[in-house]
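One structure, pasted below without further comment.
For reference, chains read A, B, C and D in written order, and residue numbers begin at 1 within each chain.
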Amino acid sequence: MAARFDPEHLSAAFSRVRDLSLALAEPLEPEDQCIQSMPDVSPTKWHLAHTSWFFETFVLAGPDFAPYRSGWDFLFNSYYQTVGEMHARPQRGLLSRPTVSEIQSYRRWVDERVLELLARGASDAQLRLVELGLHHEQQHQELLLTDILHVLSANPLAPSYRREPRAPSPSEAQALRWIEDPGGLVEVGRDLDAPAAGFGFDNEGPRHKRWLEPFAVASRPATCGEYLAFMADGGYRRPQLWLAEGWDTVCAERWTAPAYWRAADPSDTDPSDTDPGSWSIFTLDGQRPLGLDEPVTHLSYYEADAFARWSEARLPSEAEWERVVDGVVRARAGTDLRATANLLPLTGEGLASAALHPEAASLREADDETSGLAQVFGEVWEWTASPYAPFPGYRAPPGAVGEYNGKFMCNQMVLRGGSCVTPADHVRVGYRNFFHAPKRWQFTGVRLARDLS
Amino acid sequence: MAARFDPEHLSAAFSRVRDLSLALAEPLEPEDQCIQSMPDVSPTKWHLAHTSWFFETFVLAGPDFAPYRSGWDFLFNSYYQTVGEMHARPQRGLLSRPTVSEIQSYRRWVDERVLELLARGASDAQLRLVELGLHHEQQHQELLLTDILHVLSANPLAPSYRREPRAPSPSEAQALRWIEDPGGLVEVGRDLDAPAAGFGFDNEGPRHKRWLEPFAVASRPATCGEYLAFMADGGYRRPQLWLAEGWDTVCAERWTAPAYWRAADPSDTDPSDTDPGSWSIFTLDGQRPLGLDEPVTHLSYYEADAFARWSEARLPSEAEWERVVDGVVRARAGTDLRATANLLPLTGEGLASAALHPEAASLREADDETSGLAQVFGEVWEWTASPYAPFPGYRAPPGAVGEYNGKFMCNQMVLRGGSCVTPADHVRVGYRNFFHAPKRWQFTGVRLARDLS
Amino acid sequence: MAARFDPEHLSAAFSRVRDLSLALAEPLEPEDQCIQSMPDVSPTKWHLAHTSWFFETFVLAGPDFAPYRSGWDFLFNSYYQTVGEMHARPQRGLLSRPTVSEIQSYRRWVDERVLELLARGASDAQLRLVELGLHHEQQHQELLLTDILHVLSANPLAPSYRREPRAPSPSEAQALRWIEDPGGLVEVGRDLDAPAAGFGFDNEGPRHKRWLEPFAVASRPATCGEYLAFMADGGYRRPQLWLAEGWDTVCAERWTAPAYWRAADPSDTDPSDTDPGSWSIFTLDGQRPLGLDEPVTHLSYYEADAFARWSEARLPSEAEWERVVDGVVRARAGTDLRATANLLPLTGEGLASAALHPEAASLREADDETSGLAQVFGEVWEWTASPYAPFPGYRAPPGAVGEYNGKFMCNQMVLRGGSCVTPADHVRVGYRNFFHAPKRWQFTGVRLARDLS
Amino acid sequence: MAARFDPEHLSAAFSRVRDLSLALAEPLEPEDQCIQSMPDVSPTKWHLAHTSWFFETFVLAGPDFAPYRSGWDFLFNSYYQTVGEMHARPQRGLLSRPTVSEIQSYRRWVDERVLELLARGASDAQLRLVELGLHHEQQHQELLLTDILHVLSANPLAPSYRREPRAPSPSEAQALRWIEDPGGLVEVGRDLDAPAAGFGFDNEGPRHKRWLEPFAVASRPATCGEYLAFMADGGYRRPQLWLAEGWDTVCAERWTAPAYWRAADPSDTDPSDTDPGSWSIFTLDGQRPLGLDEPVTHLSYYEADAFARWSEARLPSEAEWERVVDGVVRARAGTDLRATANLLPLTGEGLASAALHPEAASLREADDETSGLAQVFGEVWEWTASPYAPFPGYRAPPGAVGEYNGKFMCNQMVLRGGSCVTPADHVRVGYRNFFHAPKRWQFTGVRLARDLS
């Protein structure tokens, strides 16, 4: 059995991940934890309960199992049709009960039983489900932060998530370079039969061949300054730059800038006003001046695509992205590129000094001096040109766990990398994140690519 | 100056009313106090803040006044265009901040200053505004309870508002009698120039003449048992019984019973199932069996009207209602009919034993033995056939206070009486409550009337 | 039997009314007659068919009756639940079949049978239903014209209804005078037991007493010029002038002027731009310059009410309106005030020279020199302050005909008078028209009133 | 220059295509040609006008060109932002003018000028645009038929498009066989630099390499009988069979069968009622009994995908589809597989005997006896598993023509093949059709595929 299934290792991981969720909620008042500011958002306390429900339902439940509370399975099932009916997603914000404190008790109850099970000796299947549950919880840690950002942004008082906001590190973006690749017949995706490789979701495999034409990708994500140049050049007013559905969305939603950008003078919504001083941005530390060298974030796919078209470039395919990053990772085997990336710390102690926002960066330690490739993990999830579809030969696992990924493979786009609020050990080369094209409340940005031929 | 404007009297009233609002919120967790379960509902904490904002803005504010917190006026203004812009009503449930505890501090801050002003000597205008603010707060006390009932009803766990639910008093409804009146040229409405009569809202006057044809009104509101007979006779399936907009609403909303009625078997929504055992009702004490002798409540105007048509009766006009009730009140001068009615107690101590739901009642002390007229104050607000319109000669007062009533005089129907959650001293013969015809979340019921000619 | 029930008289009236409907549709292409430009609008051909269905269903149908075509009753029933199910109103524009030509054949088929019945000898009930059917058809003649106005207005080509547009008569509005009335206990409404009085709808009675305070009404409707002054004074930007629902509608619909007003420069929607040259108006004769002396029309109730408030006046109640007009009508007994009013001609020949739009008017023959009362019939329907409610003692007739009026007595406002597209013999003192407060596609205007005390 | 650009050849093609559009509209009344039964549908006359606008704008317009009518460019531009603003798509059904007859005149005017230009000598660019315009018009011929099917289906009278409905040919479906392919590195897509290959849209290229794993595709599309078995097995009631968005759509739209299927007893919407006698289908020849051996059609992508999952198969990728069909086409070089397929005839004469609906088919001449591959052209468009995305190296052409395809490459799925209403010379191996996953009003069906490894 792989080291990752060693019960002691798993117990430690379990405690660490579960503790971090509570640490993330700690700066919040009970009132903050109930709000659902749009259907995509879940209340903080729902995240805390749902992740516990996952362990209760998939790890603890069995023939003689008495659930913690009757009716809670209905409230805290997200979308697993296999295990029963569920509360309607857009109504998660209507639930004042159970309270935050009752959910904390629920968490403790689940934690004790899972740890006891691990100590007592869990089955192989249970060990795998505990591991899955931890990765699941890490996904919800990121959502908890992006959701609370949206909740707080809906409040005219513009409250900060952190009690003690942290000033952004002053830094300059490195000059943009193009990293070239000859393409050819490549292998991408995860080898599902090589468990030594560590954990991966089912959707990351199987490993398969792709033919790539010669291409280049940008050494770093686009910055706010570069995006302002797009805006200044009529980016939000020229339909020719946009996908048809993107342009419809710009018109219907009256977009004139990325999400969370705020004009100094709200009545001045002229999207070509690119005096940087005219803009501020709402962050987990409240509202602050826009940093021109920071990676631009809170872009929809449509905006990433239009910006790329205006840049006379395009978005990379996920295979191209993986190919380039994989090369660097292999070349620097032994260095954990994630260690110095702008990611979410794994323990509560680290939170105070974490950026929790993309940062301007000259070359970091995590970046590759040879190739110049920078900021692939952390900062912003990078929209790719690839629709979220199954890899050849993909089959969803049987049972409820099979609903985890496969049933969403339609009308979404793949993002690669990781963001400033992704738990630091939750990123990997093959990770496939996915969102609908118009969504902007995640930390989503853009790395350009282009054809070489 | 009328006794009601004696500063000491007003100070005592102020303290009592303000305390009751807190007492009403006391059984609630902070999480309960943030939820807006539909656009008509406001969160509990918003009620607590808005009623304080009213005093801050209309009584305390002046040339050198520093508001408690910048930005709060925007959040807690309900609809007073005269004093500035306001947060959109349907988004009151998006505000996690200020917290419940911060709003309690705000209340204390306002209370201290108002009491100090009363002690120090307030102007006549200020005294009148304090009085208005108390009546305003009493309206919000009723809304706080009906809103929290809706919030809790949206939770599949069906939580109770009161920690210790109170069992309904077993009692039988009195037999229905008809109270006749010869009509003629009558005077109704409040004499705005006779302040001795105590407080009244601007919309209750001026006093004016109406011609009434001979009519009769029922001695008590209709009961759940009587309403079940309507349902059993196809009440919700016969368009001929309904106003056109009522029938459209029945179809669109799939109404098969009053609001908060719940079928024992949710898949059985056959509206003619009138086995009383098939129905329970959600109350401030949680879900409980339907009481057949209780006044039927949570009816829309459409349902009240259809029930009346089915009963071969009609709804009373507000002038008819006032005429009959006024007669009894005058006949029993010296007896406070409100003292023994099913109304909301005026202090927190009374809450534990209050009904907080309409009750079956044989003749109460509050009722009139001679005429048989019963339950006019308390139990349920009674829909009248009168659209909410200005009385002849009505003019809205100048300034923000003029927005209180006048601007709503369109597309609403008048209700008379009072309900089990109306503060006991907040009802009077001439009180004009008003809601839109499809609304059902208030304690609204029906008293029948008919022509005598 | 009254002369109006003489079969020969009725046959002639039948032919005249039925012919006028066809004459109204004559300028239209088949394509024009299918369109439903909003849910309130019905296609021309639907009006032609529905009015025929009315005679087929209520006059011709009986035990052995074979309907003209199976399935057409479903399509052409408007809202009579008593006689069966019906096609959804908002989907009337989806019906390409039956074609205009097929509907014309249907009309002929119905006409032959009704005329034959009248010749052969119809029952009393049938004679009354024929008469009702004709008044019903006249209502649809007005709707046909207001609906086609809306249909054509939705076309960027701005086509004219009439092939040969007629130039507006140049004329000045008379100076506004106030006509005073002492009020008191008055009788209004139709005496339903006095059939000699000619036809009236059930909702016009019974005759009943009202008490009126002294009041005055304006001698003529407000003009476009007067309304422009309201706009120039910030009419559409000052919430204090509006009912709450009116202001919500102004904001939601972005109203800046009455319906069909078009700014010369569409990008200039500044509602205070009251240079008359900046505005044109879309009419049944296409787009033309706004006539400042014409009665303002296509106002919602909200706009009429806000304009009245700005004018330091109010809208008249329907009793006040009826009281004043009735006085003049009685005083001038023998003169048919309708003969020279701006109403719809009763035969196709008159259509070419009809105004089909409100006209500026110095005193017409139809007006009363003594009182100065002008333009009460014709020009525009006049919003009153009276919600549409049953008169005391009103009871809807039994059966389907009882659905004609009674079930709409909720959430609508009464209008009195008649408009430039009301058939000339379809107006009378006691006529109660009614529409929802936000509606603007009828020829609706405003006559001011005020209290005298 | 390729033969296809010979002006004489092009003139003949022009006349033939333009005539067919008129022939397709010929059975329709003017009333039929105005209706827009949902936003996706355009009125017949709009198709006739828009296809003419295409030639007027892209071929005829130039420096001194006077457009046919001012304002029509606004009405009949579909989505070409480059050439100006356009009328909102969902409002195409509000245009009664220009009439059908005026649009026919417009067509003649355009036809004369284009033919004259071809006779006089057109530039190379103009010849290419004429060719593009013809292929564009053929697309609209298919849309005209699928749109009018939807329009007629919205009419409770269930009218037939054809005056003389044609009985379906009685025939049995062939037994389903699996056609295997070893995969490997294949080339697909159109070689844009090899114009000898005839016309193709920009989105069909460039030719590029793909790696395929071994796979098999079904020899023919699935039949109604096979689909009924899926329904009988709870197909529409088991969320596990569906993509998440598919299941949401099933619930929201209450789908229980493919579009245009009608239960014999409308109140019986039990989706597992698979007695074939319980179902009929609405076709261009009106309503008729469901043919069990006919290819199932009017499926959304979601239904095709769920059916495939239930069948323990999957949808083919577009590369797999092209690979297999291309093989057969090459093997049978010299035989025009389209000649005997169930496609739309190219002239009006053929319309009377055309199927205009998918037909049950034992092996046709168009099918391949060796492989068994049948019905690849004609019958139904076949949903593939491929999101509509640019092929590697794709670049949209400059100018308005570049808006033709590229800007729709998001959130749609590729379909391959052709349908019973696709013009017979408008299909080809590399043709990429595309629709959104929930759309059902096209003739869309499903051919299964599966992995061989």
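Note that in this section a residue touches a chain if its C-beta (ideal position, glycine included) is under 8 Å from a C-beta of that chain, and two chains touch if they have at least 3 such contacts.
In this text, all values refer to a predicted model and were calculated from it rather than measured experimentally.
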_Other chains in touch with both chain C and chain D_ = none
_Among the chains here, which has the CA centroid at the largest distance from chain C's centroid?_
A
_Out of A-D, A-B or B-C, find the interface that copies C-D, where copy means more than half of the contact pairs are identical._
A-B
*Where the CA atoms of chain A average out and where those of chain B average out, how many Å apart are those spots?*
48
*Which whole number of Å gives the spacing of the CA centres of chain B and chain C?*
38
*CA centre of chain A versus CA centre of chain C: separation in Å?*
60
_What's the contact topology between the chains, one of line, ring, star, complete, other?_
ring
*Go ahead and list every pair of chains that touch.*
A-B, A-D, B-C, C-D
*Would you mind writing out the residues of chain B in touch with chain A in their complex?*
29-35, 37, 45, 71, 74-75, 87, 91, 93-100, 151-152, 154-157, 159
*chain D residues within the chain A interface of the complex*: 79, 81-82, 185, 208-213, 239-240, 242-247, 301-302, 305, 385-387, 389-390, 392-393, 403, 407-411, 437, 451, 453
